[in-house]
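There are two complexes below, and they share subunit A, which is joined by subunit B in the first and by subunit C in the second.
Moving on, here comes the complex of A and B:
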């Protein structure tokens, strides 16, 4: 029971990181500024690295090798939230998603620094600096564009209204919430969501963006249970295209 | 639209009589100078510039542009116009002989001093001085150098104009030494090609 709960937690975290890392890497070469292109690509690479670290932990718990679970599962076996699989669209949406997701990611790993599953606590401490930079990057852009021009403010506002219901899907409860809490592995999605809402509100308060009414937001759920949008399967096909040509090739 | 080629789009209209106009400003961000400390205890070195709309954005963008590979322990940025540049001395001569030492009154402020030892090298951080102006700071900076040190150019930037890395932010680079995959040499492409050619011929 305890192991199943831990495995479920690690899968959803790893899948979020891999899928968002892949989506964000689609901006490489197309970023709005040279410097931003480099920064966004680096952070996408960090995310794929986090997924690899988490898949390696899963492997140590008896799951298949990291490359196998990353590249050779079908969409309904993925546990990422739907937010991270949505297509990039315009840069405003990608920035808002980066802000909403990475704020939650930072808090989640801060909570995991004290996890009773020691390898996860060690990983959380190790990558803290990377996450600190990711959230500094996100917060600085949101503060900048959220108070710059009418166009930048309305674009971010629009992207925020679209993204928030999906972002609430990050916190879709696991069937093992109570086990994770009782065993000291993770303090739970509910606590994470409360801290996330406070942090999002704090950053938006220093901009001209309006925080939509939380009570009117209907969370888009399903991703954690493998029920995805139509956008995940094409992403997985593209991501694993080269590997599938010759799975035995060495690089 | 005249063409899909932006170079054609930028060409002026030809043969249209009109009043002379002032040249329009470029629709671009300003630049910020970037200084990197490769290892604890080593001086900060000037690495280049980034475009950004303000100091904080410059810091965020400089971090990945200049420190995404190899090693780094700290970084700072300053608006290009906030860097005062001394006259250049000839190689082997001393910049301090070219500085106006007359000191004006006013409030003392902290300035960071950067020195260039040789043309083609980078400016290196040497320390800070208290002075009433950038010019006075450069004159005072002579005390930071050992007798006989070669300095052909100086930069001075007011400490409070600089966006430094805070103590907590130093963990930005904790995992950087592990990211060898960002370095082309880590892929050993030549070895792999040689191996492939030997296998196939």
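Moving on, here comes the complex of A and C:
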């Protein structure tokens, strides 16, 4: 039971990192300015690296090899939240998603630094340090563009209203919440969500953006249980295309 | 017959450089976290600078090559996060090499409570702090991009982590 709970937790974290890493990489060559191109590409590299480290932990618990897990599962076997699989859209949506997701991820890894599963706690301490650069990046742009021009503010506001229900899907409860809490592996999605809401509100308070009423938000759920939007399967096809054409390819 | 010692291994590893910063050895970079020698079998423990560092495989390959050239019959390399890398693990020699290379060495990460210290990094050329942070992400995961108003040139810093 404890092992199943841990495996479920690691899968959803790793899949989030892999899928958002892939989406971030789609900005390579297309960023609105060179620095942003580099920033999203660097965060892509970090996130794919984080997913690999988490898949390696899963492998040590008896799951298949990292590349097999990453590239050869079908969409319904993925446990990422729907937020991370949505297409990049305009830069405003990508930026708002980056802010909402990385704020949550930062707090998640902060909580996991004390996990009773020692290899995860060690990895979390490392990843937490790296994520500071991701949240610094997100907060800097949200603060600047959230107080800049009428257009930048209205674009971010619109993207925020669209993204928030999906962002609440990050915290979809797993069937093992209580086990994870009781065994000290992870303090649970509810605590994470509460801390995330406070942090999001804190950053937005220094902008001209309005935080939509939480009570009116309907979380978009399903991703954690493998029920995805129509956008995940094409992403996975593209990601695994080379491997499926030539399984022996190396570079 | 001479048997190799832990000290020999560290000495030989001085010749293996970070593929992305060729003036810095893996020992001075601080990514080697343990070495054990059993006759001519060597076990190296290492930890990446950044979890997603793409140079890791190349480093492992070069470690194996160098130690094999010096007579090691078997080299095993384990990567873990038991003793995680921080920029504070870069040696004094390594910091001097970075500066000479034109890369500002990182401030002590333990003292960095707020990443805003990145705003006015001392320029590695003129040592002045009349500088601005241009991007917390640079050409590799471990570097940020800055601009010196006095030298009127961009420079990079090895990020504190």
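Definition applied: the second predicted complex is superposed on the first by the 251 of 251 C-alpha atoms of A that agree within 3 Å, B and C clash if a C-alpha of one lies under 4 Å from a C-alpha of the other, contacts with A are read in each partner's own complex, and residues count from 1 in each chain.
Criterion: contacts are C-beta pairs under 8 Å (C-beta built on N, C-alpha and C of every residue); 3 or more make two chains touch, one makes a residue touch a chain.
Nothing here was measured: the structure is a model prediction, and the numbers come from that model.
Upon superposition of the two complexes on subunit A, a steric clash is found between subunit B and subunit C. Legend: residue contacts after superposition of the two complexes on their common chain; A:161 is shown touching neither subunit B nor subunit C.
Judged by the touch definition given at the top, the superposed model places A:128 against subunit B, while subunit C stays out of reach. Contacts of A:47 after superposition: subunit C is touched, whereas subunit B is not reached.
In the superposition on chain A, A:178 contacts neither subunit B nor subunit C. Look at A:35: by the touch rule set out above, it reaches both subunit B and subunit C. In the superposition on chain A, contact of A:144 is made with subunit B only, not with subunit C.
Stretch 56-64 is the one among 2-10, 56-64 or 92-100 where subunit B clashes with subunit C after the superposition on chain A.
Counting contacts as defined above, subunit A residues 35, 38-39, 42-43, 45, 49, 126-127, 129-130, 132-133, 136-137 meet subunit B in one complex and subunit C in the other.
The residues of subunit C lying in touch with subunit A in their complex are 50-54, 80-82, 84-86, 109, 115, 134-139, 141, 145, 159, 161. Of all residues in subunit A, those touching subunit B in their complex are 33-36, 38-39, 42-43, 45, 49, 126-130, 132-133, 136-137, 140-141, 144, 148. Against subunit A, the residues of subunit B that register as touching in their complex are 29, 50-54, 56-57, 60-65, 68, 168-175, 179, 182.
Within the complex formed with subunit C, the subunit A residues making contact are 35, 38-39, 41-43, 45-50, 52-53, 119, 122-123, 125-127, 129-130, 132-133, 136-137.
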